[in-house]
Amino acid sequence: MRYAILLLGAPYSCQASHSALRFARAVVERGHHLETVFFYHDGVQNAARLAAPPQDEPHLVDAWTTLHSEHGTSLQVCIAAALRRGLLDAREAVRHGKQGHSVEPPFELTGLGQLVDLGLSCDRLVTFGP
Amino acid sequence: MRYAILLLGAPYSCQASHSALRFARAVVERGHHLETVFFYHDGVQNAARLAAPPQDEPHLVDAWTTLHSEHGTSLQVCIAAALRRGLLDAREAVRHGKQGHSVEPPFELTGLGQLVDLGLSCDRLVTFGP
Amino acid sequence: MLLHILNRSPAASRVYQQALAAMGPEDRLLLIEDGVQGALPQLVRYFDGLQGRLFALREDLAARGLEGRCEASVQVVDVDGFVDLTEEAERTVSWY
Amino acid sequence: MLLHILNRSPAASRVYQQALAAMGPEDRLLLIEDGVQGALPQLVRYFDGLQGRLFALREDLAARGLEGRCEASVQVVDVDGFVDLTEEAERTVSWY
Amino acid sequence: MTEPTPSDLLVILRHGPHGTNWLREGLDAALVAAAFGRRVSLLFMGEGVTALLRGQQAGPLGQKGTSATLEMLEMYDIETLLVEEAALERFGLTEADLMLPVRRLSAEAISRQPGAHRLVLTF
Amino acid sequence: MTEPTPSDLLVILRHGPHGTNWLREGLDAALVAAAFGRRVSLLFMGEGVTALLRGQQAGPLGQKGTSATLEMLEMYDIETLLVEEAALERFGLTEADLMLPVRRLSAEAISRQPGAHRLVLTF
């Protein structure tokens, strides 16, 4: 089946990111195709490239990147939710006159329309909230 | 009286930052001294220098900076809570081998001990949670 | 006398029970943010026993279209009144 | 048949009421994260009427020291069982 | 009672205005879906019913709130506004208190909604 | 009942382990205060009582949890662990289920705690 995940919680504030990652790994191990993880609301914080969690805690930003490289899952971040929370890629930083950026590939800033398409085109969309 | 504020909520996710800012302004207008706003838990997101909210919304990061420059209120951010959430100043970025930074003065990364001292030394500590 | 501050609606969260449990007999309770829903006649019963010690923040009522809907027993204060309440109380305790 | 997913404890949040209100007569409910507290014998009564349709996630029970404490009527599944449940349901609805 | 044609998307709104960003971000999802030609229903549950109250204002720092967005729903052809009847009662509200016409749903009718839509998003 | 000497700081813990970061960040505040020589009391309310359950484990991705931190409390001279009696009952727990010795507080005793400390932090 074609799966997608919607993640609405910030890492290191609530368990939603851990739950989503654990579910994501179980889905791909089962042989399903996990097309996309879509990050919305505080979930956009999962794309924060500067996150420096304690070394004895799972590094969630890196874990999403690994999921992408091993299984081709796209990591889509709602651009409107990201901008207001200080998450900009290099291109948006230029557009908003900011020095430096806080999001980088494989995370992609994208519109909310992608979430709706994803939800309607995949067989299963599973949401993890805070 | 000497006041301090503890802010635990992220801007643009809940009203806590708005409430804290509104209260802060009322406190200084009354002639009290607002010594410090301490940012902890998701409140550390108030220091995100890259935040680019819609232009018709209050810009909270800028508003805190204005409060600091007009009233000398120090803006202290719990360093442990900030690091795991991707909020690093230039010095911490170097220490953690990251390119770029997401926090800059007048926000200062500091230890949690400051919060306890503040709470015990000020006349009033008012907490705004998410 | 302490000032307790509650920002969640009793219709949505059980945290109001914790605030009530921790309040001393002279303590006051200020409803802010979504907490101001507790000033509605149908919800104010959750705060029985606080007569004269229950406050709600005017600006948060107004933003939500609730200003004219409060139970009369709830004392409506603006943000300056909020500062007053913190001055008068020995300390504040927030419930969220 | 839909799978509803609840991650909050009925002891702390009223959101379980919304999940229950939105469930059809064949729908299933999976408790995850802090929601697994609802599998405790003293809290499971909030889910009366879901006999045979109430599940709890083993890993979240175990992390909280609750694995041996569940009411027997709650079906405990691991994360692979969670995937099974999503396969079997037409779609999922999350409550948080 | 005749049911309207099922929509593609059910957006469940469970939060009031101003206190959190959930209502705004939920409405944004609904508007985007409608702009892309999807049929969208909104279901206001619990505290979410207060989103529909008349007389809302900007926040004290100039925060926009969400009532202007609600007024645009019709322009986006979002006309199915479902409201949890029990929640209206809990808050002591009647339809006259609301800024838009709504369809009141009994508990039983609510339990049929998630199954009647291809996609359900809860905010 | 004799009351112990009032502490400087009351930290109220209202969340269980793993689900959110509140418990960890609340305990961190307590430990820092104690390390700086402050007298600290912890009050476990509501869901917070589950923080004390025996037999907790790391999360499935290796998340540490908070039980190891609780075991360090004594080393930091944090010995006043207050627990809401009503919450224990709500969860069906007895003191034998808890990893540390605690003092059970009635509703009336809880209502005296915030006034008996110079600073109260709720997490």
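As written, the chain order gives the labels A, B, C, D, E and F, with residue 1 at the start of each chain.
As a convention for this text, contacts are C-beta pairs under 8 Å (C-beta built on N, C-alpha and C of every residue); 3 or more make two chains touch, one makes a residue touch a chain.
The structure displayed is predicted, hence computed values, not measured ones.
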item	value
Pair joined by more contacting C-beta pairs (C-E or A-F)	C-E
Furthest chain, CA centroid comparison against chain D	B
Label of the chain whose CA centroid is most distant from the centroid of chain E	F
Interface residue identity across copies chain C, chain D - same or different by half	same
Approximate Å spacing (C-alpha centroids) for the pair chain A, chain E	26
Where chain A and chain D are represented by their mean Cα positions, the distance between them in whole Å	25
Distance between the centres, which are taken as Cα means, of chain D and chain C, whole angstrom	34
Residues of chain B engaged with two or more neighbouring chains	12-13, 15, 22, 41, 57, 125, 127, 129-130
Chain C, residues touching no fewer than two other chains	7, 11-12, 14, 33-34, 59, 79, 91, 93-96
Touching two or more other chains - residue numbers and ranges from chain F	18-21, 46, 59-60, 63, 118-119, 122
Pairs of chains found to touch, sorted by chain label	A-B, A-D, A-E, A-F, B-C, B-E, B-F, C-D, C-E, C-F, D-E, D-F
Residues of chain F defined as touching chain B within the complex	8-9, 21-22, 25, 28-29, 32-33, 35-36, 38, 118-119, 121-123
Complex contacts: residues of chain D adjacent to chain E	2, 4, 14-15, 17-18, 21-25, 27, 90-91, 93-96
Chain F contact footprint on chain D (complex, rising order)	7, 9, 11-12, 33-34, 37, 40-43, 59-60, 62-68, 79
Interface residues, chain F side, partner chain A - complex	18-21, 59-64
Touching residues (chain side chain A, partner chain B) in the complex	10-13, 41-42, 45, 48-54, 57, 61, 83-88, 92-93, 96, 98, 100-102
